[in-house]
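Chains: A, B, C and D, in written order; residue numbering restarts at 1 for each.
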Amino acid sequence: MTAAEPMQKLINDPANAVADSLRGFALAHASMVRLYESPCVLVRRDAPVQGKVTVISGSGSGHEPLNTGYVGRGMLDAACPGDIFTSPTPDQYLAAIDATHGGQGVVLIVKNYAGGVLNSEMAMELAAARAVELASVLVSDDVAVPDKARRRGLGGAVLVEKVAGAAADAGYTLEQVVAVSQRASNQVRSMGVALSSCTAPMLGRPTFRLPAGTMEVGVGIHGEAGRMRIETTSADAVVELLLEAVAADLELRPGERVLAMVTGLGGTPQQELYIVYNHLHRMLEAQGVVVERSLVGDFVTSLDMAGAAVTVLRLDDELLRLWDAPVWTPTLRW
Amino acid sequence: MRPDMTLAQLRAWLLRYADCIDEIADQLTELDAAIGDADHGANMVRGMSKVRMHLLDASEPAEDVAALFRTVAMTLISSVGGAAGPLYGSFFLRAAQTPALAGCTVVSTQQLAAMCRAGAEGVQNRGKAALGEKTMLDVLFPAVDALERAATAGLDLPDALAATLEAARTGLHATIAMEARKGRASYLGPRSIGHQDPGATSSYHLFTTLAATINAAA
Amino acid sequence: MTAAEPMQKLINDPANAVADSLRGFALAHASMVRLYESPCVLVRRDAPVQGKVTVISGSGSGHEPLNTGYVGRGMLDAACPGDIFTSPTPDQYLAAIDATHGGQGVVLIVKNYAGGVLNSEMAMELAAARAVELASVLVSDDVAVPDKARRRGLGGAVLVEKVAGAAADAGYTLEQVVAVSQRASNQVRSMGVALSSCTAPMLGRPTFRLPAGTMEVGVGIHGEAGRMRIETTSADAVVELLLEAVAADLELRPGERVLAMVTGLGGTPQQELYIVYNHLHRMLEAQGVVVERSLVGDFVTSLDMAGAAVTVLRLDDELLRLWDAPVWTPTLRW
Amino acid sequence: MRPDMTLAQLRAWLLRYADCIDEIADQLTELDAAIGDADHGANMVRGMSKVRMHLLDASEPAEDVAALFRTVAMTLISSVGGAAGPLYGSFFLRAAQTPALAGCTVVSTQQLAAMCRAGAEGVQNRGKAALGEKTMLDVLFPAVDALERAATAGLDLPDALAATLEAARTGLHATIAMEARKGRASYLGPRSIGHQDPGATSSYHLFTTLAATINAAA
């Protein structure tokens, strides 16, 4: 299982990459979070917070800051980090529930991948014995997948988690948190391009080979190849390609209000992300869409993959209010 | 002497499967790299290492087949994650729940077939995949069909498993030509064609190691 | 000047990369900053802020979020972004001074590079005609350079800028801001390693070739090669190498308090940065050093270079208070 | 006819230098990539394109040599940045300040030498480098020395510039063997040896284009 060649990575034993990193994260953000190692759960320092709905999200590691960076006041009560690109186990969800539920029920934010769905379903079945009301919200914003039922969760997860956390903080009931989070999920679409593969520590080499001059369109976030490979083109043309798919699927109309997000995939510098945002913002405005809020940076990544994804969330007054509500996490703060 | 399978042999099978997974881990990872996210090897190693540890360390070994399989199921469920964890977990969990298994320390070929049938259906119930969608089911179902036919035909276990293995292999190779419709590979659409499914490969080795265990004892 | 081969980058015309990106940045952070294009200056939305010392910093582009991400309340009044890896011109400094000075004098935070020093000196000479009191603080924290006078400014710049901004906000006089910022600068040391070269848009290919299995130790932030090339090793060993150099030069002693920072160089994912931080924190504690504060992420980068740098700032009560003082910028917020 | 240099020729020289910079931009970038940060080509192109624009667009052309050089200086200072901006800016600024240049629209070889001497010293004052530290000074000083010698010896301009160019070329090639002690390349220490300095290269072409301008006129 060990890589034959040396890797250009700052890791120790690849098998410990996730654990080493989480320990460093917990040390760096000790005032905000606490790490339980077995099973592995990262929870708010002040958990359990009583008297509000509890919000939990899990996903494979390698997508940092998703989800650990979103644990804190106004967002997640706990994150369950799986192994690299591997959805967390039911035990992790159970441990997170036990460590954080505050008597008002728990909502799991689940990204629509086979592993994500299966493990959270199992967790909910196993948790049925507990006296905790449980619900889940599915995020499936990837318009690169034509079949809506199979759409993966991408950057939309961050926005849904923010909305859910804010709703919980605002005293919404479990049912209400689920309703508004699911509405956010229904109103968000994403699509991404990769300009390089990522290198997973266990594999030790790029998952796929992307010849210079080509890019993968419609990539997921697990370092897997995308839907099609095309020639590289200008940032503006990439934005147009992505936005066209996203806006069409969302049926965006002039006068509507949105949150526009550009997330890097891990290996792309901020300079490029803002070049992408520049055109995204202008294109949306040219279509008469009002860009009320924006988010540009590394928010949902695939290790060191180069590339970016565009996410558009249709806003209404309630979603905007919940987005603007205070949040205090390692990654998002206002 | 009826070549039934004993609790010890089932345990030996699972240990052998754990070793096999170590050996084929790189292959599973490579297969998953081609059409997925390159973690199937690591996932299976993580799970089966835990299973091996449980089997070797348990102060009280499982007292019957149902208990053995339940332990395996819970270990996989709690340590693998991804798609494979709940799916293989369901396989062993449902197999453990096969009617009339409680108390058994020896299983007949018929019972083994019933267990595998229950397991395969468990995988299908959990994952909602159909045959031909390029998943582990494309090995599990043909193999179980063959095992059932062999049991019904009264073949003894080594012969029954030879037939099972043959069917599993055919099923495995058939995944190469399939377009994935479930799991991560499905996002590749037609580009998933031409690659052997990683989960089908790990499932295939459930049967290679089962046969090897029986043949080693025979 | 145009690249012969297609680049794996999300840019349009390489010559416009800086401008496109700054425009996107200004759109994304319109509530905080304002962009003037010619000469190019990014200023606080509410500039000029009267009645406090004005803090300005400039550097080449390609180091994002340095310095644009640090413009805002409690930190910089203006950033002067040069072309990629090129220090800004005197005109940019002059424009920044004119747009932001608030009557209490202006301090320029300058990183110790030939270009950085020469252009800011020229700016100060040219500004002598203006009725604005001017001073500068030099940051030269790179212990990879043995000759102290030639040490480059690395991650220490972020910390010095934060201290300067907080001191200015706290009503310090120009002289006092300079004194405390220069003290911070004197108490900070850094060193970095690169695991890949970066690719500058104008060059269109990696600046240097780093064969797999090797890394550059003691790199600057301009995409240039480092002081020596060694075989790649574990993250922990890299941390020990860097910390040894940093701690020895800083003459760190048990019982002392520090701020520990790990900055990615642009192409390295968060997972690795926290692996680095994990060992850095433990090593410092093992030496009896108290890690009072930390910062882990992309803070001073070299485009898409893979690698990381370690920075240690010796804290005293005043520096800690200034570090903890409120800050509200695109990148740092508390 | 004394082969003095006219204001128009000086202007032509600067335009020729701007064109030359476009031609050698890739080379400058490559040289800077080897021991620096790969921007010297872009920096010089940005600056000299602005200079060209000023020279071509100016509604009122510079009325004397000092004014011409001052414009060039300010344009470079305000558009280049990096180390090269202030250094080349200082070259032209100090050259413009050469005593007794005000009002001149023609310069003698002697005056040209004095201007280049002032310019080179301006670069040294600004950048604090010494000869042999692998910078543009390693071209500027030898070239100016040669030009002064030629002027003192009474050579006419084409011959004086041939000697200057020869010295500049020797200086340029000498930078290859030097270890950089100033500027970005100095961080490489001994690894900077074996590469020609980018700034010295752009400085060398100040003299190739100067000679070409004079020879074109001759």
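Rule of thumb we're sticking to: a residue touches a chain if its C-beta (ideal position, glycine included) is under 8 Å from a C-beta of that chain, and two chains touch if they have at least 3 such contacts.
Bear in mind that the values here come from a model prediction, so they are computed numbers and not experimental data.
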Problem set entry | Starting at chain A, fewest touch steps before arriving at chain D | 2
Problem set entry | Centroid distance [mean C-alpha coordinates] between chain D and chain B, Å | 76
Problem set entry | Between chain C and chain B, distance of the C-alpha-averaged centres to the nearest whole Å | 54
Problem set entry | Approximate Å spacing (C-alpha centroids) for the pair chain C, chain D | 32
For this session: Examine which chains touch each other and state the graph shape they make (line, ring, star, complete, other).
Result: line
For this session: Please name which positions on chain B make contact with chain A in the complex.
Result: 25-26, 29, 33, 35-39, 41-43, 45-46, 77-87, 89, 126-127, 182-184, 186-189, 191
Problem set entry | Of chain C, residues touching chain D in the complex | 1, 39, 60, 82-92, 113-115, 118-119, 121-122, 144-145, 150, 152, 200, 202-203, 207-208, 218, 220, 222-227
Exercise. Across the complex, what residues on chain C touch chain A?
Worked result: 5-12, 17-18, 20-25, 27-28, 61-62, 64-65, 69, 195-196, 210, 212-213, 215, 231-232, 234-236, 238, 266-279, 281-282, 294-296, 298, 301, 303-304, 306-308, 333-334
